[in-house]
Amino acid sequence: MLHVELVLQGLINGSMYAVIAVGLTLVYGLLRILHVAHAGLFTLGAYITVLITNATGSLPLAVLAATLVVGVAGMLVYRLLYEPLLDRPPYVALIASIGLFICMEESYRIVFGPYGNSFDTMQLTQRITIGPIGMAAADAAMLVGAVVLLTGLGLLMKRTRFGIAWRATVTDPAMARSFGIDTIKVRYVNFFIASALAAAAGALVAVLNNLVEPTMGSVPSYKSLAIIVLGGLGNVGGTLAAALLLGVIEAYGTIYAGAFLDRDAIAFVFLIAVLMVRPQGLFAAR
Amino acid sequence: MRRILPLLALAVLWLMPGTAPAQDVVKIGFHAPLTGFAAADGKSARQGAELAVAQANAAGGIAGKKIELVVYDDEGKPENTIPLANKLIGQDKVAVVVSGGYSGPTRAAAPVLQRAGIPYLSAYAIHPDITRAGDFIFRTGMMGEVQGRAGAKLVADLLKKKKVVIVAVNNDFGQALTAGFKEVAPKFGIEILKEHTFAMPDRQFGPLVAQVKASDPEVIYAPGYFFNAGPLVAQLRAAGVEATIIGQEGYDSQRFIEIAGKASEGVIVTTSLDRDSTSPATRAFIDEYEKAFKDRVDMVAASGNAAATVAIAALKKAGTDPKAIRDAIRAGSFDTAIGTLSFNNLGEVKKAVQVQVVKDANFHRFAIIDDLQFLAPPEK
Amino acid sequence: MSALLAVEDVLVRFGGVTALAGVSFSLGKGELLGLIGPNGAGKTTLLHTVIGVVTPTKGRVLVGGRDVTRLSTDARARLGLALTHQIVRPFRGMSVLDNVTLAAGFAKTTHLLRALTSVSRTAERARARELLALVGIADYADAAPAVLPLGALKRLEVARALAISPEVLLLDEPLAGLNSVEATRLAATLADLNASGITMILIEHNLAKVAEICPRLVVLDNGRKIADGSTAAVLADAAVIAAYMGKDASGRDPSHAEASHAAG
Amino acid sequence: MIGAYEITLVAVVSINLMLALGLNLITGFCGQVSLGHAAFFGTGAYAAALVAGGLPLPAVLLVAGLFACALGLLVGVASLRVREDFLAITTMGVGFVFVGVVRKQGFLGAEMGLTDIPDHGLGDLGFVGLCLALVALMALLTWHIKRSWMGFGFAAVADDERTARTLGINAAAYKLAAFVIGTFLAGVAGAVYAYFTRFIIPGAFGFTVSISILTMVIVGGVGSIWGVVVAAVLLTLLPEFSRVINDYKLLLYGALIVLTMRFAPGGLAGVVAAVKARVRPGGGP
């Protein structure tokens, strides 16, 4: 019974990691940028969700607004920061991204205060039981939300013109251009989708914790980097699998390894161990 | 070159020195983490201290001189706090310093102030080494171990419960509280079923909750901060865990109740601030704070206020000679927002522990543990 | 007498693709071997296997009779193998002269302690200038590679490879992209170097050029060696003609014809 | 006037300088982006705290450096296995694992840290003298390495590792050398830190420290010794001068990084080189 719950809780955490990290891997796959500021957009999504819900009383409206605003913000980050740096060594974009992330966290602290914000009325407080397994409605929302978002993303990538254009651009931008694919547009759409996913993750985490804080992106900022490496950089399916696996490993680590290892270090012990055996990541990079 | 100009402008802006008022003032130094991971506590501590200074100034200051609080951001970093303490001593020429910071920065500053012979009051940092730096160093907050002991007494004597699971934040605060709790637990016949830790940034406790549920304790002793405790308590209750949850001064913020919602009802915390106190000092603090900052009080604000209050009272009594201030603190008894404080030989505070319970979305008095012998902090 | 360089039954697979399917050949001292074949035949992969950038799935590479298959690229370079890249790879952060100076200092860079204790670059600079003059780009010595035309960069590749005093020089299309005057001059330089005792393998598309300077040819097609012998004999070989002309002209093995089509 | 404030500030700046010079060797000279430099810093500090009671100061510095570079060697060997993209994240992981392990070890004081580190016995001025001497020594060492053939080899490895190999340069050995020397310097910095604060806690060696050191290197201009020195001094001191704008300090720090990367990705050294090239058109290529 304990193990069923541990696995379940691991999957819930893992699905949160997945929704954040998949966006990061989309950006990396296309542009080879380690987009640390992604976690700042995640936080922005969470703030918008809470503030608009409190103002209008409608959580769905707030989530919609968060994904749209953050999606556009992501495109702006690309246009204003990354695009001019594409022909520079990769660490330039990485450091710029870290700088932007610091700016974002500080702006949230200054604008919204250091204490964090909560929903005026707690969302999804019910408890759901399926046979012997019970979980909070918020947990269920996290799981279902992640499945819906990632399935949607999968369909988008497999079935739509954008998906084809994206994959073609990732494989060979020059070739994609010669087939008439607007690779610049692909980049913007890519940033929109990745950032909207981050915002959705932020909204789900806000509901889950009933708390959004300026620093809530810190842990996702580095942990999702570990996840996309484990997943084989740029490999969307691999990222998903790595996120879920890490969630479960952390769940067990928290209980059984807590005496000698910090939970946040578990991800990296796992990462380093995997890289020593499989330098290309758990799942082959593209 | 034109591209660099904005950078230069920024640099110039940054370098602009602060202008200290030239009039005759008495300066109290203050540092707290205003940025970084502990910024929330930094802000509360600062507001608490500022309120004490404003009130004292409104009441005429010290012998006609205004009090100025010289505030620096320690960023939670020990190494930064050493130059900062030296700056407070050498350049700002403060008479006394209050720490609104965590243990790391406070431990770093204490020897500096001791060597310079400037009295130093730590508002809520818990590490035992702070006061060991010397006779100029005082602590108005409770040591972690002392509060941990109070927690054990609460569980056994007041609640009459035995089976405990400990879930502690993984830092010096959590470690010290756990150590204090475990130190006296055998004496009270408390059985510790399991002990777990979580990291300060953790907000999702699913696996821990599952494990706690499996252990089926009567009491969960869970040292942490409001930002951990809010989600933790909500998740424990959502999972159907009914055990009594014991928190500490880290929970003592209205934010905890906002985050945990209904789940916070019945949570009991050991802290320094008694919301139902009839003491004029406490009432005045609570009312004035909420008026001045449009926010509810919390333990950190009360502690920052209390430490500054002690500093001001000592200045009033002894003037600006550091040794006289030290002696005044050592010998005196101070009426503050967190009760009447006096100090032992080591500079540790002697005071009762407030036990508060969340009821109808507010903290209320549950009990007061005032067995000062049991709570006595170390003298060495 | 063992051959200076020998490749034995080398098999290279990338993922599911077989790039080299059991290629063998050997090379005596002082030879100038032309390596030809259609695009995708595996020529560059073969040179990369020899230098150690690519590790073969099966087979061996021998230098002077010694098995070097497990040796790193830098160890092979120290044994006397040098490579020029088909797509030029100058160190873009260094001047042209420094590119060659670095290579000329291989005796110093080989041992870390020696590298740490050596500062003077005078001798190596002088040697580098000689080499730049030899390949005819002395005027560019102080320029950054970014400003050089392709022809000069190709020559820089050769000068830099020569700077490590190789016994075997592996040249990956050094003439491609050059105009005919440049190509003729560089080809002549290479022939001179060969005459001075440096063994060479030359990948080249321009059959006329190859025929002019290489006495012996090895032909690859779709990862297999289809011919090896004197230039005249190889160029007359029906299989070679078929490989170059596309679909079979001689009624040979159909799988092979199919393969050459795919490779084209 | 030089007071205790200035003296202690010089010590803080010196520690950052030592860290930045060491990382500049790894990241600047040899091109290996490391996001885990604080782990080596911390290793040195903990090693020093453990042995300082029994050894004279120079031996403590040496032991701290050796412990750090032993870990550096280990991490270096491990990172040879991972592809270039992964290196930054692997080293970041090393940083997290270091803190995550240390904070649970009783013999390292766990969360309460190690305390009672003995006095260095040099006096305030003597200590700052030691700091400055170490910084000068390290600057000289890295300057020498840069102009030696080792530095030449580093530059080649940083520029194009595969091509460097085809020229006989053992890229793996060079990378390890960079890791070993750079982390040794970090370890010495750790010992100095331990003497400076006289207690250490795991939180002092976290990810944000690694980031701020890397920021110094990159804002200075990777590989440029003077650029990195200037950046380390400026970035350490600017917050000191700006205490008046406490609340916006970190925001401005972040903005400075973003703007530098956006408009001067070559850092200070890049800006100066560009200005020089414009002032003396004949001087450049």
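Each chain carries a letter (A, B, C and D) given by its place in the written order, and its residues are counted from 1.
We take it that a residue touches a chain if its C-beta (ideal position, glycine included) is under 8 Å from a C-beta of that chain, and two chains touch if they have at least 3 such contacts.
No experiment lies behind these values; they were computed from the predicted model shown.
With steps allowed only between chains in touch, the distance from subunit B over to subunit C comes to 2. Chain centres here are means of the Cα atoms, and by that rule the chain farthest away from subunit C is B.
If each chain is reduced to the average of its C-alpha atoms, the one that sits nearest the average of all protein C-alpha atoms is D. Work out the mean CA point of subunit B and of subunit D, and you get 34 Å between them.
In terms of their C-alpha centroids, the spacing between subunit A and subunit B amounts to 35 Å. Taking the mean of the C-alpha atoms as each chain's centre, subunit C and subunit D sit 41 Å apart. Averaged C-alpha coordinates put the centre of subunit A at 46 Å from the centre of subunit C. In subunit A, 106, 262, 264 are the positions where the chain touches two or more neighbouring chains simultaneously. Listed for subunit B are residues 35, 170, each touching two or more other chains.
Pairs of chains meeting the touch criterion: A-B, A-D, B-D, C-D. On the side of subunit D, the complex with subunit B involves touching residues 3-5, 7-9, 11-12, 15, 103, 110-113, 115, 193, 196-199, 201, 203-204, 208, 238, 240-247, 249-250, 252, 255-256, 259-260, 263-264, 271, 275, 278. The residues of subunit A lying in touch with subunit B in their complex are 1-2, 5-6, 8-10, 12-13, 16, 106, 109, 113-116, 118, 122, 125, 127, 134-136, 138-139, 205, 208-211, 213-216, 218-219, 250-252, 254-255, 258, 262-264. The touching residues of subunit A, when paired with subunit D in their complex, are 32, 34, 81, 84-85, 88, 90-96, 98-104, 106-107, 110, 222, 225-226, 229, 233, 259-262, 264-269, 271-272, 275-276, 279-281. Contact residues of subunit B toward subunit D in the complex are 1, 3-4, 6-7, 10-11, 13-19, 34-36, 71-73, 76-80, 82-83, 86-87, 89-91, 103-104, 107-108, 111-112, 116, 127, 129, 170-172, 174-176.
Interface residues of subunit D, counted against subunit A in their complex, comprise 27, 33, 78, 81-83, 85-86, 88-90, 92-94, 96-97, 99-101, 103-105, 207, 211, 214-215, 218, 222, 247-248, 250-251, 253-258, 260-262, 265.
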